[in-house]
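Structures follow.
Common to both upcoming complexes is chain A, partnered first by chain B, then by chain C.
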Partner chain A sequence: MNPALLGLVPAFPLFGAILIALLNRKASRVVAGGIATLMVSMSAALSFWTLATLWSSHGALESLHHRLYEWISVGGVQVDIAFLADPLTAVMMCVVTGVGALIHLYSVGYMDDPADAQSTWRFFAYLNLFVFAMLLLIMGDNFLLMFVGWEGVGLCSYLLIGFWYKNTDFAKAGKKAFITNRVGDFSFLIGLFMLFWALGDQATLSFVELKGTLVAQPELVGGHGGTLVTAIALLLFGGATGKSAQIPLFVWLPDAMAGPTPVSALIHAATMVTSGIYMISRLSFLFAMAPVAMGVIATVGALTALFAATIAMTQTDIKKVLAYSTVSQLGYMFLGVGVGAFTAGFFHVVTHAFFKALLFLGAGAVIHAMHHEQDMRKMGGLLSKMKITGGTMLVAWLAIIGFPGTSGFFSKDEILWLTFAADPAQLALFGPEFPLPKLLWIIGAITAAMTAFYMSRLVFMTFFGAHRGGHGHDDGHGHHDDAHGHGHGHTPHEVSPLMWAPLAVLALLSLGGGLLNLPHWIHVEGLTGALHHFLEPVFAAAPMSFDGADSSLELPLMGLTLLMILTSVFIAWYLYVRNPGDLVQTKDELVPDLLYRGSLHKWWVDELYEATLIKPIVLVSRQVLWAVVDAELVDGAVNGAAKAMRRISEVYGELAQTGRVQTYAMVLAAGTAVIVFAFAVGG
Partner chain B sequence: MDHLLTIVTFLPLLGAVACFLSPEGTAKAVALVTALLTFAASIPLWFLYDPAAKGPLSWETFQLVEGPYPWIEDLGITYTVGIDGIALLLVLLTTMLTPVVIVASTSSVHKKVGQYMGFMLMLETGMLGSFVALDTFLFYVFWELMLIPMYFIIGLWGGPNRIYAAMKFFIFTLVGSLLMLVAILSMFVFHHQQLGFWSASVLDLYNVALPYRTELWLFAAFAVAFAIKVPMFPVHTWLPDAHVQAPTGGSVILAGVLLKLGTFGFLRYAMPLFPQATHAMGPLIAGLAAVGIVYGALVAMVQDDVKKLVAYSSVSHMGVVMLGLFAFNVEGVSGSVYQMLNHGLSTGALFLLVGVIYERRHTRLISEYGGLATSVPKFSFVLLLVTFSSIGLPGLNGFIGEALSLLGSFDTHPVATVVGTSGVIFGAVYMLWMVQRVVFGPLTIQANKEMPDLTLREVGYLAPLLVLIVLMGVAPTPFLAKMEPSVERVLVKINAEVDLLAERQQPTPVGGAR
Partner chain C sequence: MDQVGLYPVLFTSAVLFTIGAVGVLTRRNALIVLMSIELMLNAVNLAFVGFARHLGQVDGHVFAVFVMAVAAAEAAVGLALVLLLFRHKATVDLENFTLLKG
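Presenting the complex of A and B:
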């Protein structure tokens, strides 16, 4: 493949976005959606070609590179608009454009609400713009171009979350997402500045050059385990906590569900939110030099996985459950890359893109069929009415809970095992002796059990039992905490083929995605560890060791996790299918009130931030900075001077304009006289 | 072509006279034609200026030089003009913005149009002259020339509280100007003492070597004048009042160009004239700049008046420019100059957009708007684009200037830069909150439902700004290439003596400027 073709990959969706914007209202849903889908499909075709080129070279071809033009050139900042496709990029390109194309196609069916007819063109223009930005993020050969994509996807996320901008809450959710991400970006930028100046004469923003420099001269950043490299790694990771919704910046993602459901699937599940993991994988050579930072990443990942899972247990809005589940799964990915299992973490990015996109699209189909109803308490029994959607959702459910054989089973298990087996010295957060890996494994295993519970709860409440549905709500609003009592309206029915076809493809991928990287204990020539071998050159500069545990423990531990998962599924089945009648009572008996309410209210994190950060800052800005510093201190002094000035001009004449000019001339003359005097004295 | 800079500089003044003399009806046309001719005449400057010309800071590094023509020979004062790459870009910004402002003003100014246009053009000559002057006294004359028309534009065509605002603007600026005059005249004397002849040429004055203490005092005099103009925290309070009271055109020019005279003054005069003092005061100024970034953003956040919000945002943005200037490295200073241009474009556009809705609704209260995306989608799109330019979205112009300024200053003032970089958060907060309240949400107020969208004329005068916002984000290299050699040469002057000093004091040189 000619590397020049790389430039076309992001160019197609950009062209699509511009074309749709130019057509604007003249483009109907089908036309705009058709253009958008076509453009992303073209990118997908080129992406698969890129992947095939690299894969078939068996490592002979390290990467493809294409430089378009010189972007910024000043001092040590020499940055091109240039694209780099190494194996990591190529896989991610395929995920983004492949899953992206399916979601675009699905959206053509989904966005058929007559109320949106005038604005569907905007939806597809934004969606194409998103794919463009995401491709810049992953294909950029330097930090700044990656950052263009990084912020660009944030912009599209902002625009799409607030797509139904007439609803103030939705517009606010978009703003919250952007600003929370900016907090992360602040950290990212400081880390970047630090790295840039640490390199001195070798300063570069290009990934390839940086890798070469750091491998050759690790002392530039303080050497392995140095304070400087640790600080840089932690600050860059700070950026990842924003984009990839980790503690403490995860709060924007659940609110982001205000966007249309295909957006949740594409941006807030499959692609954009994995940018942080991608960034760390891209810079694995740097992060591997900072064991303390790796320990922080793994710990934050594990804790986020657990924390988000506790919230997902009690949510009743189907999209909110999936949102917290995404936060939780992203935590797994960070756990993976944090312990140094870069391939495993990235493998989970890929499989998660399949099954989580499927879960969201399936949920979207349900919401669509239920006329904007998102409350699972009003669903139930939908499997018989929506066989294809329900069937594919069941596949995704099996994948996310890690049922043996599905894609999620392989990727999650690899992360868990490598966490357990990681050499404690390479994530030395609490010193090299502390058994952090074992502790993180326990958290990961518990989270796996919780995931099995809440995902089973979601599937059971939605598709099994009796239909509890009322009719839908037309306001597109997602918060229905109080139950409305009303009778049955429309009967839910299966969605159109335009929508279920992508579901079917994703179901196949969710089921078979594990073939990409079969574990060593299933030996199939060419498939065992395939992804691992393919990505090996990318992570070669970040050697990691996983002999912290006896390898004979691998299968028993897997069995243990599996047992926990199946138990959770059983409990969920008992609570929501076997005995759905006394749901509320059971809950009261089983869980202490505070835990239940804490989970339901998301542990009051939003309220905490509001009370400790947002309110005080606004209050101080208004009452102290503006009212006191500006108005009293500075202006007080000036107004005094102004009054004196007015006095003088009153003495010398009326307040007409000529008077001012006279005053001006007079003061000027007086000032000059003072200077002359000063010189005369000073000599 | 020998006198192109003089022609560009004084053409507006001729037009101003014509405007004052011509009848009301034709003044607009006269002003527009003058402004467009001036812009047309300035375009060749871009092509004539050759950044590749090498050499130390001397006459050759300034191009299209005219003069020196003797003026007040006893004091060595001459008429000398010329441009380096930095002045070139600011001249083009000025000549580009003036016709935009004149077109925009045709719908907002209804009384004494001839005089208004006349003052506007007079102001243009003042601004251009300040950028091209190579004689310090000539610079001072142009600098003062700007004060008078701006005073009248605010005082005669402003809002209800215009007299107070004009007076405040006048006092603040005058205090600074007088201090600067003192310093300029002192430099004349010192130059005469050391080199034996009188000269007001900035290049001659660069050769004056002063004791550290004297430098400090003179630097302070210049710095106060320029800091007020920028404006830096805490001498910024004239700006919100001036902006809120000024008519739209006045605000655009004030934010777009006048403020840059402050930062330009630092770079052309205060810093290279007094390098030791500059470095000594660097931490203080960088600190104030960083405080200004956060302070301006936080106060902008709590404004109810959208114009005041934009005004305070200028305090924040100009803080980034100052931080970049005092980075003392080519990345930071280039970013700073770039950010001067960006701020001229994006804040200029924001004031124009505020003017657009003010003309329709006669209110600037944010609470009076909401849901405009539904009724005026074109306006809303433009506002969003400019907002993202203003908050430095990568891909648009603002990012290049902001990132380079902050990157540069991180090496020199890491703590101040960390504080200043938090502006990327607060900037997003106040701008997006404003956008949310003005553009999004339900359309509840009847007058907003009936609001007409952007007219062809409005699209016409906004378009050049929008094109540049995108172009300068996607392809900054041509602009950076024009300025970089000039920035490097000024830096050589600013850093040279200080490097010598550092070497003398410390046997082993540490880090230092790259």
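Presenting the complex of A and C:
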């Protein structure tokens, strides 16, 4: 493949976005959606070609690189608009454009609400713009281009979360996402500046050059385990916590569900939120030099996975469950890359993109069929009414809980095993002797069990049992009254083929995605560890060891996890299918009230931030920054200068403004004389 | 003329210009002010011609001719204005004309 074609990959969606924006209201849903889908599909075709080119070269071709033009050249630093496609990028490109194209197609069917007819063009223009920005992020060969994409996806995320901006809550959710991301971006920028500053004469923004420099001269950033490199890695990771919704900046992602469901699937599940993991993988050579930072990443990832899972267990909004599940799964990915299992973490990015996109699109189909009902307590029994959606959702469910044979099983298991087996010295957060990997494994395994529970709960409440909906929306009080609700209102129906076809494709990928990277104990020539071998050159500069545990433990541990998962599914089945009588009742007799309410109220994190951060900031802004600094100091200086001039004029105006031309001529002559004199003296 | 160097010419020009300038700035009679302006213009002409001779170029001479032409026009307009001022207030004393005062 000619590397020059790389430039076309992001160009197609950009062109699509511009074209749709120019057509604006003249483009109907089908036209705008058709253009958008076509553009992303063409990008996808090129992406798969790129992947095939790299894959079939068996390592002979390290990467494809194409330089469009020189962008910035300052001193010794040159920044190009240039694209780099190494195996890591190529896989990510395929995920973004492939899953992206399916979601675009689905959106054509989904966005058919007549109330949105005037604005669907906006939706598709933003969606295409998002794909463009995401491709810049992953294909840029330097930090700056990546950062443009990094901010671009944040912008598109904001625009799409607030797509229905007339709803104030939705608009606020968009702002929340944007501002929370800015906090992370600030950290990312500081880390970048520090890296740039540390390199001194050798400063470069290109990933390839940076890798070469750091491998050759690790002492530039303080050497392996140095304070400087740890600080840089932690600050960059701070950026990742914002974009990829990790503790402490995860709060925006659940609120981001305000956007249309395809947006949640594409941006807030499959692609944008994984860019933090992508960034760390891309800079694996840097992160591997900072064991403390790696320990922090793995720990934050594991804790986020557990924390989000506890919240997901009691949510009743189907999209909220999926949102917290996404936060939790992202935590898994960070756990993977944190322990140094870059391939495993990235493998989970890929499989998660398949099954989580599928879950969101399936949930979208359910919401669509239920006429914008998102409360699972009003669903139930939908499998018989929506066979295709339900069937594909069941596949996604099996994949996310890690049922043997599905894609999620392989990727999750690999992360867990490599976490267990990681060399503790690589995660020197609490010293090299501390058995951090084992502890993280326990958290990971518990989270896996909890994932199985809440996902089973979601599937059982939605698709099994008796249908509890059927009110319609006439009940203005919004309280569920399921015993009498049968029989009237709209009946759910299967969605159109335009919507279920992408579901079917994603279901196949969720089932078979594991074939990309079969574990070593299933030996199939060419498939075992395929992704691992493919990505190996990318992570070669970050050697990690996984001999912290006896390899004979691998299969027993997997069996143990599997047992926990199946037990969770059984409990969920018992609670939500076997005994559906008290289904909509809270299960608070089973767990202490405080735990239940804590989970339901998201452990009051939003309230905590509101009280400790937002309130004081607003207060200081209003009372000090606005009332004192702005109104008094800034305005005071400006108005004061004007007032002072006025007073001076009042006093001296009488003297100067005589109305006689000769006075003015005198001043003119005197001024000229001063200038001439100054020139004469000053030379 | 050949014996006169550049400096005496410039000196004379400067003296003439200063006399003219002081006249413009201090005299109250509008006619005297106009005459002083003529003095300043001719001081400049002298400098032009002096430099032109010194440098052996004709540009200065050409400029001097232009200045004379402009000065003639200016004198015509100026005298007309003075005439109008006189008709308006029956005096040409500039102390009486302070309409520019805001």
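The rule we apply is simple: the second predicted complex is superposed on the first by the 602 of 683 C-alpha atoms of A that agree within 3 Å, B and C clash if a C-alpha of one lies under 4 Å from a C-alpha of the other, contacts with A are read in each partner's own complex, and residues count from 1 in each chain.
Here is the rule we use: contacts are C-beta pairs under 8 Å (C-beta built on N, C-alpha and C of every residue); 3 or more make two chains touch, one makes a residue touch a chain.
Here the structure is a predicted model, which is why all the values come from computation and not from measurement.
Novice: Thinking of the overlay built on chain A, is A:Asp185 touched by chain B (first), by chain C (second), by both, or by neither?
Specialist: In the superposed model, A:Asp185 contacts chain B only, not chain C.
Novice: When the two structures are laid over each other on chain A, which of chain B and chain C touches more residues of chain A?
Specialist: Ranking chain B and chain C by residues of chain A touched puts B first.
Novice: Counting only touches as set out at the top, which of chain B and chain C does A:Asp630 meet: first, second, both, neither?
Specialist: The answer is first: A:Asp630 touches chain B but not chain C.
Novice: Look at A:Trp71 in the shared chain and tell me whether it touches chain B only, chain C only, both, or neither; answer first, second, both or neither.
Specialist: A:Trp71 sits against chain B, while chain C stays out of touch.
Novice: Which chain A residues contact chain B in one complex and chain C in the other?
Specialist: In chain A, positions 657, 660-661, 664 sit in both the chain B and chain C interfaces.
Novice: Okay, in this complex, where on chain A does chain B touch?
Specialist: 69-77, 144, 147-148, 150-152, 155, 158, 162, 165-168, 171-172, 175, 178-179, 182-183, 185-186, 189-190, 192-194, 196-197, 200-201, 617-618, 620-622, 625-626, 629-630, 633-635, 638, 641-642, 645-646, 657, 660-661, 664, 667-668, 671-672, 674-675, 678-679
Novice: Give the list of chain A residues in touch with chain C in this complex.
Specialist: Where chain A meets chain C, its residues are 657-662, 664-666, 669.
Novice: What residues on chain C touch chain A, complex-wise?
Specialist: Those in contact with chain A are residues 21, 24-26, 33, 94-95, 97-102.
Novice: Across the complex, what residues on chain B touch chain A?
Specialist: Against chain A, the touching part of chain B is residues 148, 151-152, 155, 164, 167-168, 170-172, 174, 178, 181-182, 185-186, 189, 234-238, 240, 295, 298-299, 301-303, 329-331, 334-335, 371, 373-374, 388, 393-395, 399-400, 403-404, 406-408, 410-411, 417-418, 421-422, 424-425, 428-429, 432-433, 436, 439-443, 475-477, 480-481, 484, 514.
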